[in-house]
Amino acid sequence: MTLKIVALTALALAAGSTAALSEPLKIGLITTLSGPGAGLGIDTRDGFMLAVEQSGAKDVEVLVEDDGQKPELAVQIADRMIQSEDVDVLTGIVFSNILMAVAPSATAQDKFYVSTNAAPAALAGAGCHPLYFNAAYQNDNLHEAMGEYANREYKNMVIMAPNYPAGKDSLTGFKRYYKGELAGEIYTQLGQTDYAAEIAQIRASGADGVFMFLPGGMGIAFMKQYAQSGSEIPVIGPGFSFSQDVLPAIGDAALGVKNSGQWAKNLDNPASKRFVEAFEAQYDRLPSIYAVQAYDAAQLILSAHESAEPSDTEAFRQALLKADIQSPRGKFSFNTNQHPIQDIYLTEVVKEDGVLTNHTVETIFTDHGDAYAADCQM
Amino acid sequence: MSLPLLIEQALNGLQLGIMLFLMAAGLTLIFGVMGVINLAHGSLYMVGAFACAAVAAASGSFWLGLAASLAAAAVAGALVETTVIRRLYARDHLDQVLATFALILIFSEGTRWLFGSFPLYLDVPPLLQGAVALPGGVQYPAYRLAVIGLGIAVAIGLYLLIARTRLGMRIRAGENDREMIAALGVDIRSLNTIVFALGAALAGLAGATVGALQSVQVGMGEPVLILAFVVIVIGGIGSVRGAFYGALLIGFVDTAGRFFLPRIAGLFLPPADAGLLGSGLASMLIYAVMAVILALRPKGLFASHA
Amino acid sequence: MAEPILRVAGLRKSYGGLTVTDDVSLDLRPGEIHALIGPNGAGKSTLIGQICGSVMPDAGSVSFDGRDITRWNTAERARAGLGRTFQISTILPEFTALAHTMLAVQARQGTSFRFFRPTALDRSLRDPAMQALARVGLDGRAEIPAASLSHGERRRLEVALVLALGSKALVMDEPMAGMGSEGSRELTALLSQLRHETPILMVEHDMDAVFALADRISVLVYGRIVATGTPDEIRSDRLVREAYLGEASA
Amino acid sequence: MPERHAIPVRSLLASLAIVLFPLAYALLANLSGETFHVTLATRIAILGLAATGLNLALGLGGLVSLGHAAFFGIGGYVAGIVASHAMGGEPLPFGLPASAQMASVWALAMLAAGLFALVVGAISLRTSGVAFIMITLAFAQLVFYLAIAWPGYGGEDGMALILRNPFFGLATMRPMTFFLIAFGALLAGLAAFAIIKASRFGAALQAARQNPDRLAALGVRPDRIQLVAFVISGAITALAGALYADLNRFVSPSMLSWHMSGELIVLVVLGGVGRLAGPLAGATLYVLLEHFLGGVTERWQFFLGLALLLVVLMGRGGLMSLLAPKGAGHG
């Protein structure tokens, strides 16, 4: 008992002595650095750390941990970061299922969570929270954009996604804007690797377009197999299916595919150019959208720290809400549910110096929020 | 539902079955001859795919990659057999499960170490690009047809190997009585290594051929490993013939389930719900089929002799 | 003559084209030892398997203690009182001799689904088990793990199990196999006594033991019984000499 | 009869040390304010309990189940589903009251998993050896895909329990309180294992592992004995699953994945198959390795694999046989 009191006193003294300066900021970055989804986590970490290094902030500490794409491991790490390391902000999780395991309990313990990617509907609507921010998008946004785009090009579409919550959200988001006919609505297994049966169905459906949301390896497999099938029906999809991490593995089969994103490498603004240059210089590869999102999340947290103490949650929250950053995406602000309001672009897979990447073609949505903000009571 | 579509789906079932057979044949051979259950068989599949992708990328030739996949997987298999599996013959299945589970961890993390976390690129060779027109108005990818042909060739080759050659005779003798074959003066150690390497090479071949259609990434072997186990258990463990028919059965059932179940559900439900329910049921279908078969025939459809 | 306790009638079993049990009929009467002999590959083990329930016959019947048990499983036959010993001593290597025998007592009582009381302190198991061990002369070796018992001791342990189980009849698959002459003599004496409470059907290759013990002998050749009779009758049977003893001496 | 039942002192002491380790670890962590390490100790206790359940089937009964994740996950999902119904005030199916009290959640979890184990066991026990391993795996995969495909309860994303379920009046969100609850469940599980092992049923079960033909020849059907053991085993693992859901305040299909089944086997074998404290020893080692090795290198799974391989190839009998070599066999 005595020991504990002494320790507490020491802590109090330490706290007192630094109170004159700005409080140091401790950030817990939990992301997927091993397992099948590690590529996304590595980009997240690298994008985040790039912003931290560029800021030159000295009083910021980032603890990086690998969740191995296992929700229970992520919870364990988050508990440690909250209970033992006393971090101020958690961030970095790539996958919705892991986010759902960590974010609600983190905010319940009075910690900020700033999402770098995952944005399930459950946390954007009725389940929103003053300490939960999303720096990326709302899951539905990119699908909604493709629905809007599809209205101009197609009249009768097959839509396809894996049978899991993000997959269902995807098709729901697409249908929210798409007004044409549906020739088929196909749900595949999560992690499915062979799409012969589905491709046969698509070819026989008489559709004039295919919308597919198949992230990671699933999209790689589908696009390669689709290219071999001889089908002439064009494929479109959200940016997740054609992001920088999977494009090299899909190869030329992806060339010319229209997709959507809130950023692409060719976006004409100084912040984007600076970011791409710095990222390539630092890591010797092209940044993916995940890196951009993490980069912005880090910028947001750092900008808030410039004007508010993390211990004063309300002040820090207000500072975050200002979104006072130079985003590579251009305009960026927060909606009432603390999800982004931003432009969504039509992008196209192109080959640049022998490397596949996305270029923006046009703007689909200007200052786009999401459908759930109305349900969010804060 | 047109006839060409049905034919195409049947071909898809056949192709999936053939691919599973390549995996299952190695597994069941290894079990039949050595009595070893090898969970790391999926890792050898992955080794084949990575070797093919790496060599194809470096040399520009898919065919060199394919040869490399056979070689790499066979070498990895022989290495695994001589360093680990050899010590497990006398052990119970529990130790085998555990050791080969450990091998999965080592292979997966080791591959990530070597190749990084991003999927590798591997494309169908130019010769087999695109679709060909078959009689009956069916368009079918040339590469998948080639995979079917390759699988049937391997099945025939395996049959001839086991039925007609000295090695096959030893394999058959080894299946029946390990002690007897040792007493006959056959070098059982090298026989085991050869069979293990052969099984591994088949897995590597499967990994490479499939890698061209899918994504070459760490962990790609696990889903197919579990399917291959379902196949050999349904077929009767240790029976190569059983593995062949079991693989075709699973290939057809899985394809049919994915194709028909959403349509059947669609008779009762709105399309979105039917798609969800149908695909959910389809993902469970093969396991249900397996449970039914084993409830009726506990030793599988083609149990090798008692 | 007393009513037979075990009766096998018209038993048939074939694997593919190979008939391994061909219309076999035999019986076992109270108080007797009935030996089953025959050359290797005569189908003795398959026949034992069908009598004890590990192999199902294609045709024919097995009745025991007045009941048709043809379709019963091994455990049901054992519960009805048909005990068996195995060709290769079938023991539980981690169990002591006492633990084995206590298991047999508990099986006899039908109390294997009791989850709470520790067996080690349970006199209702322990006492009958020690008695059975004493009868085969293993009471001094009660706490020795079966894996450390000698071959002869394991054979005697198997007999103790049958005693503890209270079997009404006993089927023994080559009890003398692998025994030294000393062990064989001891076991012969033990079995000779045992027949009066538990009649024994035994498959045996050791002709000395067979002719010393058996009240009746049946000869099985190629799945078929070619002769049944007293040791003397068998010794003088021409068919047997040709088919079996002749071959044995060759 | 003390001379005939010499008490294996060393084994007893080793077991005691292993059982008390999580308690001491948690108390020490609590005292020094390191609440996270209390959570770590809780994880050890819960995984130890799950593996103790498996040990009953695997260690005593020789049933190598590669599908125990199904029971673990069923326990977790029962906890999660009951909690979500209780929060929304909706009754459960079959008119069961939606009380989120841990005690009733546990009973429900064990009942559900026990029933499932009865079905799985009845079919799987018709096979043996590798076929048994594979068919238990297949059944677990069935549940895994069901959890993903089922329209309610979060699917692949899983479901979060914002708060832990209540346990009478206790503050279950306090790490130490929850640890003590989990530790109590662990002790109950270990006691159940020890009592069953020493009982008549335990004797029959161990006989069924060593030689099912012998047991059948004594008139006891080995498959019935093994089936009952499988059901009890599944129920204990489900209890651990329910606790695990409360620990993480989260349930997802990853609890049902075949890696989880593999890990449970790893825990049992790492600690010592069939030994009372074996699974707990394995869980302790595994969780501490994961924590400390995971802090050092991202490649920790590679080294875990190597370590496992060495344990299998070199040290037979696991951790317990290092601490207390098994003496002469006994019933």
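By letter and in written order, the chains are A, B, C and D; residue numbering begins at 1 in each of them.
We take it that contacts are C-beta pairs under 8 Å (C-beta built on N, C-alpha and C of every residue); 3 or more make two chains touch, one makes a residue touch a chain.
The chain lineup, named per UniProt: A = ABC transporter substrate-binding protein; B, D = Branched-chain amino acid ABC transporter permease; C = ABC transporter ATP-binding protein.
Computed from a predicted structure; not experimentally measured.
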Checklist outcome for this item: Chain centres computed over CA atoms; the one at greatest distance from chain C is chain A
Checklist entry - Whole-Å distance, chain B centre to chain C centre, using C-alpha means? => result 47
Item to check | CA centroid of chain B to CA centroid of chain D, Å | outcome: 32
Checklist entry - For chain A and chain C, what's the span in angstrom between their mean Cα positions? => result 73
Checklist outcome for this item: The distance between the C-alpha centres of chain A and chain B, rounded to whole Å, is 36
Checklist entry - Of all residues in chain D, which are in touch with two or more distinct other chains? => result 145, 148-149, 299, 301
Checklist entry - Out of chain C, which residues touch more than one other chain, so two or more? => result none
Checklist entry - Listing for chain B: what residues touch at least two other chains? => result 109, 112, 276, 279-280, 283
Checklist outcome for this item: Pairwise touch list, complete, is A-B, A-D, B-D, C-D
Next on the checklist: Can you tell me which positions in chain C touch chain D when the two form their complex?
Outcome noted: 52, 54, 73-79, 83-84, 86, 90-96, 98-100, 102-104, 106-108, 111-120, 122, 125, 142-145, 147-148, 161, 165
Next on the checklist: Which stretch or stretches of chain D touch chain A in the complex?
Outcome noted: 31-37, 39-40, 43, 145, 148-149, 154-160, 162-163, 175, 244, 248-250, 252, 254-255, 294, 298-299, 301
Checklist entry - For chain A, which residues count as touching chain D in their complex? => result 3-4, 7, 33-34, 66, 68, 70-72, 75-76, 79-80, 83-84, 96-97, 100-101, 104-105, 108, 120, 163-166, 189-190
Next on the checklist: Per the contact definition, I'd like the list of chain B residues that touch chain A in the complex.
Outcome noted: 2, 4-5, 8-9, 12, 15-16, 109, 112, 117-121, 123-124, 129-131, 139, 141-144, 210, 212-220, 223-224, 255, 258-259, 262, 271-272, 275-276, 278-280, 282-283
Item to check | Contact footprint of chain C on chain D as seen in their complex | outcome: 4-5, 195-196, 198-204, 206-207, 210-211, 213-222, 225, 228, 328-331
